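Sharing a structure here in structure tokens format.
Order of writing sets the chain letters: A, B, C and D. Residues in each chain are counted from 1.
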Amino acid sequence: MTHPLLDLAPLSAAHFAAIEDRVARLLDTRQDVVITQGEALLPLEGCIRGAARPGTTALNVITGPYGQTFGDWLRDCGATVVDLAVPFHTAVTAAQVEEAFAAHPEIDFVSLVHAEAATGNTNPVAEIGEVVRAHGALFMLDAVASVAAEPLLPDAWGVDLCVIGAQKAMGGPAGVSAVSVSERAWERIAANPEAPRRSYLSLLDWKQRWIDGGRKALLHAPAQLEMLALEACLERIESEGLDALMARHATAAAATRAGAVALGGGLEPYVYEAGDAAPVATTLRAPRGVDAAELVARSLAADPVLPLVTGGGALAKEMIRVNHYGPDATRGVVHASLAALGAAMGEAGLAVDLEGARRAVTQAWQA
Amino acid sequence: MTHPLLDLAPLSAAHFAAIEDRVARLLDTRQDVVITQGEALLPLEGCIRGAARPGTTALNVITGPYGQTFGDWLRDCGATVVDLAVPFHTAVTAAQVEEAFAAHPEIDFVSLVHAEAATGNTNPVAEIGEVVRAHGALFMLDAVASVAAEPLLPDAWGVDLCVIGAQKAMGGPAGVSAVSVSERAWERIAANPEAPRRSYLSLLDWKQRWIDGGRKALLHAPAQLEMLALEACLERIESEGLDALMARHATAAAATRAGAVALGGGLEPYVYEAGDAAPVATTLRAPRGVDAAELVARSLAADPVLPLVTGGGALAKEMIRVNHYGPDATRGVVHASLAALGAAMGEAGLAVDLEGARRAVTQAWQA
Amino acid sequence: MTHPLLDLAPLSAAHFAAIEDRVARLLDTRQDVVITQGEALLPLEGCIRGAARPGTTALNVITGPYGQTFGDWLRDCGATVVDLAVPFHTAVTAAQVEEAFAAHPEIDFVSLVHAEAATGNTNPVAEIGEVVRAHGALFMLDAVASVAAEPLLPDAWGVDLCVIGAQKAMGGPAGVSAVSVSERAWERIAANPEAPRRSYLSLLDWKQRWIDGGRKALLHAPAQLEMLALEACLERIESEGLDALMARHATAAAATRAGAVALGGGLEPYVYEAGDAAPVATTLRAPRGVDAAELVARSLAADPVLPLVTGGGALAKEMIRVNHYGPDATRGVVHASLAALGAAMGEAGLAVDLEGARRAVTQAWQA
Amino acid sequence: MTHPLLDLAPLSAAHFAAIEDRVARLLDTRQDVVITQGEALLPLEGCIRGAARPGTTALNVITGPYGQTFGDWLRDCGATVVDLAVPFHTAVTAAQVEEAFAAHPEIDFVSLVHAEAATGNTNPVAEIGEVVRAHGALFMLDAVASVAAEPLLPDAWGVDLCVIGAQKAMGGPAGVSAVSVSERAWERIAANPEAPRRSYLSLLDWKQRWIDGGRKALLHAPAQLEMLALEACLERIESEGLDALMARHATAAAATRAGAVALGGGLEPYVYEAGDAAPVATTLRAPRGVDAAELVARSLAADPVLPLVTGGGALAKEMIRVNHYGPDATRGVVHASLAALGAAMGEAGLAVDLEGARRAVTQAWQA
């Protein structure tokens, strides 16, 4: 019995390579791009375990929950970790990175998350990249939540390891991910005796057996359907235009922020400066004395498909997150999200200006 | 290059027949079931052009827009048409059908729409079927908007031609449809020299070349993907349980009606009696002096995926339709629809009780 | 429960129109293109029932089984039919068409099948079109088996109604099809009181309600998955290049013909002249005294996915058809088809030159 | 723009858990089943890195190429490895395993591949399991090439870690895989300080955060499409019946072996005893002096979709592998494979009995 997800002709190596090249074009990079056969956590872990070793000093910038994970991995590898933790309501600055290098000139690896969907901020990678490059450290960037939502230029910015996933602004699958790797990153990993080899975690296996072999034979059967979905979303992005897609995300972020401010009732943007706010998600601080989780639950009871969540862990009671990425980066979804939140706040006895919020959103979209 | 929608192994005749049998089980019918390769308008037209001819007297019950179409087709075929038009705010009764037979004992064909998504009413088919059968007329039922949303029993009710589509309560595809055909309907069609033969409109071709041939060879290549989607939705219905699915629709209708009444502001159920209201859609009369189209537009601006539409044609200014079928027959969607409508009414200066509406919906769901 | 064939966002009118435009580019036509929601028999029937009426004199060129069907439809419509039947082992010539016009100057409609998959021939449409146009008749072409396999230029050739399906050389779905309609064809149909209106068979409905309405609202829910598959195959054709795809079909036909001749054993091309042979299928005459059906059955027992069939109806005992379209238009499939046929012939006691057949195929592919 | 592989509603945790339960039913196991988000190499590596550590003594049974990989991983973990290498033309016996325990009573871990697609043998797991259990060692089984092709009963056989993939006999996707884990395996892994934690390689993460948390929250976004394809193939297996599917594979293996013997020309089964031969693939030794790779290349030139490959690495010149799993475990594919091989051998000047091979295959299928 025929089924559209079964019995497809196998994905050829040439087709796989063509999808890699399409990712490279999206990132405007001439570095090697490896499509990794798992969620983006796989290449992130592969990068750190590949590059870090005893003797490494790593600057780990923490602007959200993933920074914690990166630090754990770095310590697992025996690296000395300099944590640069930044309050979640802001971005890290190039100056802070510069200071870290001044205090620890031995830093030879920097890990950074570009945009944080979880906390709603985004970091100035271009400027930070300049600092990192000046000090000769290897620069790893987690761009899962920024790719296709805001400019991402690993070559121009000196990013050595740039990891992306398709599940946010790209509107694609989560089951495969990708990483671009600079020549010097390959050298660093190859020189690391502790780097994973003959392992599902190994980037080096892909370099030596796939890339250096002329991309003729895959290391193992790929996640074919996820690959085809990745190709389909790349095609859709090319068809909409990357600039148009990024503009749509920027507008959704501006509209959500403006609408939340106009709504009033004590709701406030979690990230102080609009310039530090991520284009994929807007985080809001719940009004004093009001439980964020309850507001979100009430909103979702009314419309369960709205992209509203609370902050994770300790932030659950105070942070409301409005996602607006991929197909949700539209005026209608932003309107509906704020209307639902506003209604929930009204029910909780807060005075809200629903009409003002609507006007602010509309205006942002017309700007 | 492999693509999940291309290069599937052809759908075999046996697989096609198995899907037909699965439709027959859904309808609890022992009649022949033909899956027609087009939208449900195709078998509806095929039934009427197959059964009607000069000399036919047809009782055409009009409870919504499709009745008009059926009447046109019947007249095209040279039939004498007795139109029994019923105001859209109610259902037809078996007594009215009985009266029509009394006035026109020569009636030998009856066409009826079971539930009307467009006008929000549903008709008592079991009772009407008893009348039709007593008079020996052929009975055609358009059950596109009732199948899987409320009981539908063509054999028990004496329906000779029962047409369904999967695109409403079944949550399936619109590109193929199905019709169950009684033995006497086949006889009537076969005896009609004007019935389509060797034609895309012909049911008789399927009888003679497909069914009578033992369902060994299809008449032409089928719409394979639509067939697979139909099979997938049948499977999903079996998994949820048809009773559970129908209950979900009944509750959605009751909740929408109750919520709209509680909302107030002059909004009223279009269909007077709850018992006459369709489980797939609730129609509402806009408050006096307020444009239904404007309320719907405002609501959709806030949340464009809500299943809200205006009435068709002349009803556009006065009728609001809340669809709640398939994946939309949920508490969350009903809540969101009424909240959006209520907000739009508030903006239009009407006094609405949003909290009351919410309570009414919640209560209906708990009943 | 999510399923890739269910719960897709509805296909928008704009998306539908964009697919129509892509079909128009494939046909290099500036005529209106309507994508019809059924197998290609639907628009073929729609064209004939739309254009023919009592008073029409139709020249019906019969080069295969579909000509018979077209003649039936034309007579159903009350047209006077001039049948021009051509032996299946050849093509019709423009001179024969010219003669028909000379004998019946009142001919105002011509129906022709471009390539016949069933009989393996193809007709010189460009030259015939010139004759038809000189006489001012309306020209309908069934191009289902030629589109994407050989040049098809409705505008340049003066074709008024050009019907295609995607299931052969295009490698796409069978559940939707398309027709390009010239301005004068629209006028003829609109002037025909018998043309289907308010009917699944009606092209005019699409003209008046879809095209003339600016392609804003579809007439009914489309066969969405088939539409998406059509789009996917158009994309794949653009990616391979239409010229490359046509060349692949031409080579497959030449190789099959040459290989069959080299195989010997009494096997002969059914179509006498290579120039009259269709690029999608090569028909062969079974050796004298040998049952074609048995040879095909033996071949398929060994390899059931080979694209081998017997001729239809009366031809079943003498004609073997090797299909080589879409994904089967490859050297490997041609090789395998001839090897299997040759083996079956060997088992039947015929002397065959398997190695010669292989060389001939290889050589054709290198030419 | 809608696309069937994009914008699906996210796979819920409950749906994910239901697929795990369906895998558990396939394996008739009451152990925990974890569906791992990558090719089967991921859980295989996860098992070994989870269970092995300095101090471990591992018996590594090598009956094909994967044994080498397992040994590498075990040594990476600091384990002492006792390699039990068995010639590829046979299976390992329980007695050999017993001897290894006698020589190394400290063995506390055993790794075994059930069936080897690459070398065409299969091992008597039930008997070996008895030995392993008697000695109290942990027993890991790679059942990727046996699941659904022959009986696989981890609970009855005392397998502690049973890894499967769907890409062979199951006819499903390769991008996700699964492992059943016994209580004592969990204990061993949890007690291993070197076991991967907070890692893509970690099984323990799934135990602690997914299973022990009541399977409420996934660790990360899953490979949704691969999961749906896995579900679809499980459904298809249930529909065909597991016993019927296994019987189909057994017959395909018997038929291929018998056909190859009947073909003659010096071709011989690579695995000496039929009882040691795997049901998913039959390996053959090329006739003396004939290059296996050339025979395979000639065969594929004629029919590129045949499931023929050469042996890997050093075996490329002498081993021909006929795969017959999933949709290829049919009489037609076996016939075609042997016919193509026979034709290639004939061209190479070997005397082959094509008709004898055909009879042998047919007979095996009728047995």
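The rule is short, and it goes like this: a contact is a pair of C-beta atoms (placed from the backbone, for glycine too) under 8 Å apart; a residue touches a chain by one contact, two chains touch by 3 or more.
A quick note: this is a predicted structure, and the numbers were derived from the prediction, not measured.
Colleague: If you take the mean of the Cα atoms for each chain, which one ends up farthest from chain D?
Modeller: The chain lying farthest from chain D is B.
Colleague: Pick out whichever of the two, A-C or C-D, is joined by more C-beta pairs in contact.
Modeller: Taking the two pairs in turn, the one with more contacts turns out to be C-D.
Colleague: Test of understanding: which option in A-B, A-D or B-D shares over half of the contact pairs of B-C, residue numbers taken as the match?
Modeller: When the residue numbers line up for over half the pairs, the pair is A-D.
Colleague: Which whole number of Å gives the spacing of the CA centres of chain A and chain C?
Modeller: About 50 Å, centre to centre.
Colleague: Round to the nearest whole Å and give the separation of the Cα centres of chain A and chain D.
Modeller: Computed from C-alpha means, the inter-chain centre distance equals 37 Å.
Colleague: CA centre of chain C versus CA centre of chain D: separation in Å?
Modeller: Distance between chain centres, rounded to whole Å: 45 Å.
Colleague: On chain D, where are the residues touching two or more other chains?
Modeller: Those would be 1, 3-5, 7, 224-225, 228.
Colleague: Hey, which residues of chain B end up touching chain A in the complex?
Modeller: Its residues touching chain A are 1-5, 7-11, 15, 224-225, 228, 300-306, 330-333, 335-336, 339-340, 343, 346-347, 354-355, 358.
Colleague: Give every residue of chain D touching chain B within the complex, in rising order.
Modeller: So the residues of chain D touching chain B come out as 4-5.
Colleague: In their complex, what parts of chain B are in touch with chain C?
Modeller: 1, 3-7, 37-39, 41-42, 45, 69, 72-73, 76, 167, 171-176, 198-201, 220-226, 228-229, 232-233, 236, 239, 326-327
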